[in-house]
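As written, the chains take the letters A, B, C, D and E, and residue 1 is the first residue of each chain.
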Amino acid sequence: MVDFPLLTTILLTPIWGILVLSFMPREADKTIKMISAVTMAIALGLTLYAYWAYDVSLGGLQYIENVPWITELGVSYALGVDGISLPLLLLTMLVGFSTIFVSWNVEKRSKEFFIQLLLLVVGAIGTFVSQDLFIFLLFYELGIIPSYIMVVVWGSSERVSKEYAAMKLTIYLLLGSAFMLAGVIALYVNAFPAGMRTFSMQVLAQAHMMGNLSEDVQVFTFFLLLLGFGSTLSMWPFYSWAPDGYAAAPTGVSMLHAGVLKKIGGYGLIRIGLLILPLGVKFWAPFIAFFAVVNVLYAAFVTIAQKDLKYIVGYSSISHMGYILIGFAALNVISIDGAIANMFAHGIMSALFFAMIGLVYDKTNTRQVLSLGGLAHQMPRVATGFMLAGMSSLGLPGLAGFIPEFTTFVGAFKVYPLHTLLAISGIVFTALYILRVLANVLFGPRRAEFDTCRDASGVELVSLVLLGTVLVVVGVFPQLLMGMVNSGMEPVMALLVKLHVTPTLLGGVFQ
Amino acid sequence: MFNQYALSHAALIPLLPAMSFIIVGFFLRRLPILAATVSVCMSLISFALSLGVGYGVIANNITVDNPLIQRIPWLSISGLTVDMGVYIDPISAMMLVIVTLVALMVQIYSIGYMRGDAGFGRFFAYLSLFASAMLGLVIAVNFVQLFVFWELVGLCSYLLIGYYFHKISAREAAKKAFITTRIGDFGLLVGILFLQILFGTLDFQQLASNVPLYVAEHGTNLLTIVALLLFLGPIGKSGQFPLHVWLPDAMEGPTPVSALIHAATMVVAGVYLVARAFFLFSVLPNAMEVIAWIGAFTACFAASIAFTQRDIKRILAYSTVSQLGYMMLALGVGSVTASMFHLMTHAFFKALMFLAAGAVLHGLPNKNDIFEMGGLRHKMPVTFAAMTIGVLAISGIPPFAGFFSKDEILLAVSQVSMPLYTIAVVTSFMTAFYMARLLIVVFCGSEKPDNQPHEAPMSMRIPLVVLGVLAVIGGYIPYANHFGDWVRFGSASHEGLHWGIAATSTVLSILAISLAWYIYGSGKVSPDKLSRRFSTLYKLSFHKYYIDEFYLWLNHTFVDGLGKILYWLELHFVEGIVNGIAGLPVGLGDLVRKSQTGKLQRYGLIMFGAMLILVVWLVLLSPLFKGVLSGGDY
Amino acid sequence: MNIALLTSEIAVVILALLIIVFDLLMPRQEARRSLGYFAVCGLLGILVYTFNQHGASATVYHGFFVVDKFALFFKQLFIVATILTLLFSFDYIEGLTHNTGEFYALLLLSLVGMMVMASANDLLTVFVGLELMTIIFYILVGFDLRSSKSSEAGTKYLILGSAASAVLLYGMSWVYGFTGSIVLSEIAAHITASPAMLLGLGLMLAGFCFKMSIVPFHMWAPDVYEGAPIPVTAMLAMASKAAGVAVLLRVFLVAFADLQAYWLTIVSLLAGLSMIVGIIVAIWQTNTKRMLAYSSIAQAGYILSGLLAADAAGVKGMLFYAVLYMVANVGAFAVTTAVNNQYGSDKIDDLSGLSQKSPFLAVVMTVSLLSMAGLPPMAGFVGKMYIFMAITDKGYFWIAMLGLVMSMVSVYYYMLVVKVMYSKEAKNQQEFTASVSLRIVALISLIATLFIGIYPGPLAELANAAARSLW
Amino acid sequence: MIGLVHFLTVAAIVFAIGLYGVLSKRTIVGILMSIELMLNAVNINLIAFSRFITPEVLTGQIFAIFTITVAAAEVAVGMAMIFRVYYDRNTVHAARLDEMRW
Amino acid sequence: MNELIYTVAFYIFAAITVAAAFGVVTKSNLVHSALLLALCFIGVSGLYVLLQADFLAAVQILIYNGAIAIVFVLGTMLTRRSSRHGTNDTEVNIPSRVVTLVSGLFVVVTLGVIATTPWHYSSGVIVEDTPSLLAQLILTDYMVVMEAAAVLLLAAMIGAIVLAKGVEE
């Protein structure tokens, strides 16, 4: 069993799907969808197996595969997952699987659509399973161009035109990635002398231990990475692509972007930032914490002023990223545990949210909060989905969102009491806007104009049931997630101990 | 036997309703009878188990100092372990009984009250969920568990207030309830985090043993802040001033919900929390003082609003706020016993009154204004009796339940602070007055001609009777059975009635009832005239001191305003910068491409110009050239 | 005197002459496509033969002509570029002119010029090779006799190119004058930072930059690219530029290596400027060829920046990049040709609805453009990484930074093209046809771009060996 | 004593004049002539160097021969091109060749 | 004495060359320019003679004066009716002071370079029989170049024909 290349199989399954799809006739709409669904189902099943079979007590990287790839550069096709990446991989699969069904009603040029959708998923899978920076980069940008095309072709223009939004998303992310690439190059060149260079994340993580990376280099390099991953994660002030992008994108793309692709930023900060450049992280952590608070509050307030459902979720997801960031910035095991778990929880939640918005939009042809109302009458199932997502979003215990946020706060509060306090105050504003949305969209008097809208049924229910179940199950049994995440913290712990994280600002209070 | 089983399987008490929620919510939503049966059965078993637990507590001599605790790990990561578990001591056992009992009663009641409602199954699912969450809260072993269920009851409250979601008012009320309590939860969460940071644990038992040590070592300053933050939670949940505004609005929910959640159980969660965390509060005199004053003020303040309200449920709501203030006051002066006692009696009589009010509303659909009712005692005798018992109980007329508990509170207060005692007594007077007003206006006087009232069906009457009985005997029996020996903090305190205090409050209550009769019942004085005479006061009271308006204004001005400002900035400034940066290469590109004139000699010029610059640069760099220029020779 | 080393060049010349002869012998009205196939087959044979020359690193004629891995690498690059260009442009050329035979012959002769450049080891050979290539390109650019744009482009190229040649030549004369030799290695032996030497160096740099269309010596490129027939544009972009790179590398790294301190700064500025200008101006273009011209200016900047490393790693990056750039351009130009065959113009708008009419070509175009932009998993990404890693090693991190940022900006206008292909409706419902050979070329380009991007090892090794043979 | 420097000076001046001409002549023919001037300047340079720096190997002279050859080819192609332009637009003015720009 | 003649001859030829060149670029009449160009070439060939490059001098006269200058004259004649319609001289031409500045600066720099460079004068003997040495060199060492140049001439010829022939057929 050890020898079975599980991760490669997971990675290749959607790729096979893409290949098969490219040779399908364009008219075979149903078959195309079925193939996509089957592909993702297989991949999801394998991932679930991987998650189940992962030995939590052992921890560390498992399902390792390592094939030398470009030897002269020190690139190897190295795959492996640990407690940090496995939840995110699972997230990718869950959301990816759902998006297929959410996109079931795409009739126009469905072949192209599903090929690109799968490409997006492949990109995300690749980033999470690769243990080699080069392979990571290869997959990192894979999804951006398909996103562009999908937004432009299948998207919708509301406040801004879809062309504008798509371009903004693309260029923003790419510019961010340009800085990230520069950071990676700087890291690669500085980590080891010529001849011994490598892209292996594991080996690069040794560079710091060996004293190859001076603090200045780390600070500079991490700054570049921060620009890159920060914009992926929509860290303030690099977020402005997100709301427009989500708003213009077709539902499936919004789901994948907000749910999965965004998380690559957080993942990168931890995997590449923290594990490889700890001193750089330490230097920038106070800034990140500050930005995190701005993220939470600023975005929350902007959300309050929004009228379009997708913008609301868009800005709200920016706000939520603040929690991830502050968890990261606090640099202790609990908060980072929380941050990673939060990525998972937020991913599921925002995907569900977007899926529901998609359904509403499909059926009512509007996303404006003010022109909607009382949908719980006609669409109780959709309303349930909305409620689940909304409640998870505002951190209701019993749903996935709570424990990650709680652990984040526990961890961060020790280090940045003031920041965390402000961030926590965000939960009030989150409640405010989420409840407003729920109230205005779902509740209130029955409106005759929506009487023709049918409730979600058939394949439309897949995402609702799947993601909703995950929200609840993880909410009720958080150890399923947290145990996994925590098992990945071993290398982080060793680092953090070495870093002697000194609290800043009010942190001294507790000593 | 049974009590041993109940004790060891106390976890079932919340789990059974949870199961009922799942079954009803997912499978029986469209089958009202089955739904009701399932949830009532589950509640019944829960209730039985709770009784078993209660009995087991007494039988096994489980005291507050010697609780029975079961834990299973719920979350375990490096540096943070959170358990879920069962914490059984007399206080929680009492709560279990009360909650399951009221829940059971309300469910039975709802069978009749909600009959024919489209969302019948949904309603029962919510009720079950609520019962489950509330019970989970009660048996919490640590702050996280408490917080988890605390939030879940909040959710249920939200769902149930907004049950009639087609009504805009209900929808808004639900939202308001959630958000208002969320503000409190914010404090609670921060307080919990502080505790986690300070003590490294959130377990009640461990905290209880660590707090004194900490206080001895570090003093109380920081802890006081922490305690007050924690207290924000109860302020929100238990409708204390200034976060009380949601509770009256919460009456938009179906009346059984008001009875169960917004009178008997959920709203006392705050009180329960303070009692549960009393090991912390009790060592912090400053925090205690704040609690006491907030409680007292809330009690008096809410009573003064209840004076002029016309909506039957709102009056009851304000009275709930007021009574919760009492409980807080009792806690603030250090008497967990009094507070818990009052909590219990209050649960009985307030649930009773709400259910009675529900019966009234059931009989008179779409009428909420008490002044549109009147003379209902003939058509609705059972309801009338129930309401009367409730009013007498809340007014503290012996031997009804409220008398004993209120007396306990007044006694405890009087031993601590005279001003607080005065407020409490005045409040007691006011309570009796407005409750009597309600009773008189609704049930006495003449019938309104267009009203067609009818008595409630059997399923609704049974709970009335049961609760009515409890409201009568629920005070004396515990009192006689040394309630304070069990439900207490620290040493047992059981001093018996203080006749002076009891007499004072009783006399005042009777006076108040008489006054109410004089104004509203006798017909000798016109209430309208009175209200005109004291129009400023009347308006202030009627408009709830404009606090809602103030909050609304705050919300609109600051939250929405800030949102709008930031969004404006976002659109014009941030977007501007982004588009500006994006426009930079584009604009620059336009400029540069203008140099591409198509004229080849221009191209040549640029080319040769560049060549010249390049050459000059290189040549000037040459050391020889420099040497020659500076006069040296080579 | 080992004339065997010249075999490949001679073979190409013979091939060209044969084509001329056959062209004369064939009846007037008969289509000349067979000549094209003949040329392709011949070149394929020669390509195979060049692999035979590997391992033999030798110089002939007083060291004026060297056949080493570096030279072979470029020769193979040129030959492949020519083959692919020929393959995708049969239809186009036949529509373009009656002088098809001459066109093929001239193309092959210009190939000879490039091959000579790749092997040139002295200034004179460099110059003559360069002129051989350039002068033929003047003709080819103006080859579209029906189009006034073509003659305009030809004239501009001729005038500016000749002026640049004069400048280059003047520079060579100074270098020769100061060092007393025209052989690169001997120049290296006599070099000092004297004013005449630096003057010559500067003038030569300007001349080479003109050939490579480096800003600010790029002004000719957009107009010429736009006016020239597509295969010529393609060859200009791919091969002529690569030839410029080849001689630049040899001259600067063999002859002028000791003066690095003087020219590195300038090269870095030129490279940076090219990246910026090429990309920001490309944003405004509406003509596919002109857009590709600006893009090629930027690409030239990227390639040039590899020179900053001044070591084998940098050169490896440049060679690698030259190949992938060629591959990507082949794809882009093939699609442009197909569209031009259809609509008779090269507007970006003509690509409308391509994803519907020919999804395959749309994908090829997209992948090619994105490869130029340097997005993974396309080859361009790896190429950029090679170059930037090499120069970061030498402290030119800011160029790497600038390059990466600008490459992402460049995605902006590539995306505009992609948008047109994917979201705009086609102009008409006419069936889209493209010849088999064109499709094959497109497929080759697609596969090669992706393959190099995902598994760059083999090509990198080749480039590495070639780069090392310079030292 | 007339030496290398003098010849180089003449060449430099002629080259600069050619450069001037390239930028200022109005017709393509004129520009082409100016380019010829530049090439001649180069040749003077080459031959002067050949005479004074490498008198025994004549490298410069050989270089000059090839320069002349190339110049001839250039002129031939150039004139042909000029005829094309003239045929197309009835003008040989450099400034009229601005169909393509920006 | 010999030296004086040499000097005088140099200055004469230099003057002819520079003056004629100057005329070429400043005369607005193209035919005049072409003739002056021929004169300039003659001056240059004189300089070649002074540089003891007799063969080159001959080649210069033959090719430049005999071929190139003639081609120019012909070309000028043929395109003489060139329409100036639509050309606006003030708009089109680069201000001459800019051009002068560029050229002037270039001369200054070059002269500076000439003056400051330490030339490695050779004391070697000047080859007497240049043509035969040239022939030998071209056919041996410079054979590749020679072949390339031959190909170049062939290509230029084909190209010139194709271009000049036009599309009439």
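Here is the rule we use: a contact is a pair of C-beta atoms (placed from the backbone, for glycine too) under 8 Å apart; a residue touches a chain by one contact, two chains touch by 3 or more.
Keep in mind it's a predicted model, so treat the numbers as computed, not measured.
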**Study point:** Each chain counted as touching subunit D and subunit E at once
**Key:** B, C
Review point. Listed by label, which chains are in contact with subunit B and with subunit D?
Key: C, E
**Study point:** Closest chain to global C-alpha mean, per-chain Cα centroids
**Key:** A
Point to revise | Pair sharing more residue contacts (C-beta pairs) when B-E is set against C-E | key: C-E
Point to revise | Furthest chain, CA centroid comparison against subunit E | key: B
Check your understanding: CA centre of subunit A versus CA centre of subunit D: separation in Å?
Key -> 64
Point to revise | For subunit A paired with subunit C, centre-to-centre distance based on mean C-alpha positions, whole Å | key: 42
Exercise for review: Go ahead and note the Å separation of the Cα centroids belonging to subunit C and subunit D.
Suggested key: 26
Check your understanding: Taking each chain's centre as its mean C-alpha position, how far apart are subunit A and subunit E in Å?
Key -> 69
Practice item. List, in ascending order, every residue of subunit A touching at least 2 other chains. Key: 171
**Study point:** Junction residues of subunit E, two or more chains touched
**Key:** 92-94, 99, 102, 106, 109-110, 112-120, 122, 142, 145, 149, 152, 155-156, 159-160, 163, 166
Point to revise | Residues of subunit C engaged with two or more neighbouring chains | key: 124, 128, 131, 135, 138-139, 142, 145, 154-156, 159, 163, 167, 174, 177, 180, 194-195, 197-199, 222-223, 284, 409, 412
Revision key, fill the gap. Full set of chain pairs in contact is A-B, A-C, B-C, B-D, B-E, C-D, C-E, D-E
Exercise for review: Would you pull the subunit C residues touching subunit A in the complex into a rising list?
Suggested key: 313, 355-356, 359, 366, 370, 375-377, 381, 385, 388-389, 392-393, 397, 400-401, 404-405, 407-409, 411-412, 415, 418-419, 422-423, 453-457, 460-461, 464
Review point. Mind pulling up the subunit E residues that touch subunit C in the complex?
Key: 109-110, 112-114, 116-120, 122, 140-145, 147-149, 151-152, 154-156, 158-160, 162-163, 166-167, 169
Check your understanding: In the complex formed with subunit D, which residues of subunit E make contact?
Key -> 3, 6-7, 10, 14, 17-18, 21-22, 24-25, 28, 30, 33-34, 37, 40-41, 44, 47-48, 50-53, 55-56, 59-60, 63-64, 67-68, 71-72, 74-76, 78-79, 81-87, 89, 91-94, 96, 99-100, 102-104, 106-107, 110-111, 114-115, 119-122, 124-127, 130, 133-134, 137-138, 142, 145, 149, 152-153, 155-157, 159-161, 163-164, 166
Review point. Taking the complex as given, what residues does subunit A use to touch subunit B?
Key: 168, 171-172, 237, 240, 298, 301-306, 332-334, 337, 374, 376-377, 391, 394, 396-398, 402-403, 406-407, 409-411, 413-414, 420-421, 424-425, 427-429, 431-432, 435-436, 438-439, 442-446, 478-479, 482-483, 485-486, 489, 493, 509-510
Revision key, fill the gap. Subunit C contacts subunit B in the complex at 155-156, 159-160, 163-164, 167, 193-195, 197-199, 201-203, 205-206, 210, 216-217, 219-220, 222-223, 262-263, 266, 277, 279-284, 409, 412
